[in-house]
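After this come two complexes, each holding chain A, first together with chain B and then together with chain C.
Up next, the complex of A and B:
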């Protein structure tokens, strides 16, 4: 990327705003909603999509930098699998019903992802410093183990596993409590602000550990801070929309192509692209029922299927063309 | 001003397996100090201890009589610049962006970056992506980053791990001139070198390392003499046309 990133960031912000307006227009019916309740539902969806997009993409940038790996994404640390297992255990009834009705599935998701986060953190410490390679491998293994346990939960649930399966496909829920979506927005903005405060340190952390330390980066506190922030952002996105694949992987790469690799611009660019991708995907899901010529799914198509189906080929395209300059 | 090692020991795993063993020596400002010795005797580890990246298990590294490892990271960065043998950047940064990272803990300075690029003859290549360069060019870019870091500080220390190992003869000379200019500006320059001829021509002082210990230190022409070198390298050395050469096993 050459040139100053600010004009491109402004263009990305305009794109995101345009997609937000389009999403407000598209729903069960197409057109600006006359009913205030419908408008509120669509606003919840818009802010939910923006929150999830920002959370996933910002944590994606942080984890790719932390792990020095272009393939890192928020789900590489096993957080999504941990969250799904937490929800599965609540639905299976492992948690007593009286407690389950009190804590609910969202708390199961947060508990599961938090436990995965703690395990990855503890097991990837080497001499008091997070070791990126250990973290990557431990994260993958915890993801595999949690996924296996989740399959066991589904097996034990039998036909009752349908609700869990649908949750795992990802969905921006218009009926989500507005307070939850507001909390998601605040968390996303706080995560972006925290990561921007570290943007210069993240730039310098691209050097080898020795060089980064010699130019003055406190790697221990930077890594713990990035790890915790990325973990919380991922947990919040899972809480709001379930596991949604590829956005946290693709958005940072697209942002690198458009605004460059300096983290101050990269984080903002990735946040805007992540939000735009989620808004576009949610709008596409809403549009499908309006196209009678294609086979209609039972209910709205889960958004996670769309992001993964499109994100996978897009990533392969980036890999083959190496346009981000980082995929080796 | 000096950087002094006071009975420094370090082991990576078991305390008994010391990579650096009771090393004591001093690098002075305005002078170039070469660290010389065979492979795997602890030269790079010693340099990392001197940079503050590693903390000694025993002994102290003193910068102007202050314990280096008690200094905050940013304060240390203002005084010490470190160049590894194989610089690494895990992002598609340009040479200029890499050199700017030298100012991370310091106020941004376009002048410092421009001058560092010019000193290392990288001005024309400043927009090229670091990871697309040859290893030699990457070494020069890392040297430029270190120069930007210590810009306008005559009390700084530069630590370099084989900075000429991948350079062609012209750039070896150019790097030697840059290091001499740095020392002439008042800085202490400590450099690991395997090329003994270069070490003798470039450095004012030398430390000879053997099995983790600094077995000799002092002015290069006194320390770098055949009997000492034969002991550490296990081959014979002789002067031919005033150039020190290994002459056989």
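Up next, the complex of A and C:
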């Protein structure tokens, strides 16, 4: 990491830490929780948001580099749609209830996203190499097919589809088992560490294939590694919070503009920004019920609605700057 | 296709601005007028958090509505002062903890209570009651279960009062569901009860409203599942003798001119509509299996009597 981005990364880390503390203070009531269980619930939310933010943004950076496409995001490869389909099939009862009761929806999510991952990988191979363009197109198609199957599942579920619809709106669940969130944190950190090991190769891979090969980068193994890591990180984020849009798309771009394009700094910066965005969104969701003067949603607003509603306009704002060299 | 390019230092300012905009859009408007919400002060006695609108309806009918301190996201009857604590898909456990309940009632049926809620309930000594209410028989069973299983924390007398009220309530349900006289039911044909008209969706056998209809001596024109989405062709092919359209809170105007509720079904020009065998079921909670059984049954009874009175014998 060069000297220049370091102060910015430290600032981003401080911002993320500050947001984590704010989230610990904001919940059903505002103030530091006196009840240990309430503190535990808020801690689960904080670590859940950080894990999901890191997973989405790191996989976003890897996929944008892998596909050399500024619009690539973890969801573009159909992994989220695959995960949602897996959860839908569990809820529909395709998996016998006796089995579903212990494997449950988490396994449905992981199985669905893994299957989508496998399909995208197999179908995008050209002469033994992952072809970025094929991967992008196959990913979009897998996403479309999985979404159609998901609609079929919803239709077959009839009035019982509510639970699936709610899950698809995305939510950082304080009631998630702490062990699951700890596992999510470990996976997110492992994903970040693995991607940092590849940061120099990623810098080279951002150039043309020939140039990357000329500096000794094994593109075939790098692409497989990045693809699998991005897939696992996306599956974990879906497992923890359902499909949450835009964070995986926006965090890498914001990081690129704040800390530069070198992947070592970019990955860390994106991870911090993704975590900060999720923490801010989760805090906002908790704050809304405390403002009686605004129209109140019934219950807590699903976080996915907030990230997409705000992420879209921010992305358009960023696009407006494309002539400046950010996106060609 | 957009390629990713190195960023010039000048535009990092734009990124910082965009990032700040993101965070500000998320947090600042909320912070401006945020007022701390004081957790509810626990009062002695039984404190119920009810995670089902249908069970809340039952609790109110058992005169236990004033014991509810937290309610489901979709509950409509209780005053605004009773906080919403989520539903089965997304329980706000922090809110539940703050309300210090003695009893948690939910309608999760065979799926079971969310594991984390079960765990916290065990830790805190909350009495967790899981009911299954799908059809009409479940309602009467649920009344008995509630009176038996609610904690009535140190209020034995309250349990007796509730048991007495439950018995009265069960008797009222029995009266409301008493079959119509044969002189009426013999003149009724097969009936379709719709809960949507666009797309046409109807109560099939096993649904709560169909159970009530059949208890009164009516016949559902449909076979198959409890809630059925139909198309116009299927509605026409089933040739209902009469149509009843559930329009919660329909006014007198719509009840007097039910053709206004037909929606796309008007295109079918059904025999039953031409013959005036069309009615609106206006009970506000006709889709909520619970205490509304009495009101729904009474309204359906009136509709069936009116249909029988107006029309001759059913077609063979």
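Heads up, the rule we're going with is that the second predicted complex is superposed on the first by the 321 of 328 C-alpha atoms of A that agree within 3 Å, B and C clash if a C-alpha of one lies under 4 Å from a C-alpha of the other, contacts with A are read in each partner's own complex, and residues count from 1 in each chain.
FYI, a residue touches a chain if its C-beta (ideal position, glycine included) is under 8 Å from a C-beta of that chain, and two chains touch if they have at least 3 such contacts.
Note that the structure is predicted; figures quoted are calculated from it, not measured.
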Partner chain in contact with A:200 - chain B first, chain C second, else both or neither = first
May I ask you to name which of chain B and chain C touches more residues of chain A?
-> C
Which partner does A:68 reach: the first (chain B), the second (chain C), both, or neither?
-> both
Contacts of A:38 with chain B and chain C, given as first, second, both or neither = second
Using the touch definition from the top, say if A:92 reaches chain B (first), chain C (second), both or neither.
-> neither
Could you look at A:280 and tell me whether it touches chain B, chain C, both or neither (first, second, both, neither)?
-> second
Answer with first, second, both or neither: which of chain B and chain C does A:213 touch in the superposed model?
-> first
Touching partner for A:261 - first (chain B), second (chain C), both, neither | both
Would you please give the residues of chain A that touch chain B in one complex and also touch chain C in the other complex?
-> 65, 68, 206, 256, 261, 324-326
Hey, which residues of chain A end up touching chain B in the complex?
-> 2, 65, 68, 200-201, 203-204, 206-211, 213-218, 256, 261-262, 324-326
Report the residues of chain C in contact with chain A in the complex, numbered from low to high.
-> 1-8, 10-12, 14-16, 18-19, 21-23, 25-27, 30-31, 33-39, 73-74, 84-95, 97-98, 110, 112, 114-117, 120, 123-124, 225, 227, 229
For chain A, which residues are in contact with chain C within the complex?
-> 15, 19, 22, 27-31, 35, 37-38, 41-42, 64-65, 68-71, 97, 101, 158-159, 162-163, 166-167, 171, 173-177, 206, 250, 253-254, 256-258, 260-261, 273, 276-277, 280-281, 283-284, 287-293, 298-300, 302, 306, 310-311, 314, 317-318, 321-322, 324-328
Could you pull out which chain B residues touch chain A in their complex?
-> 48, 51-53, 73-74, 76-78, 80-82, 84, 87-93, 97-98, 101-102, 104-106, 127, 129, 142, 145, 149
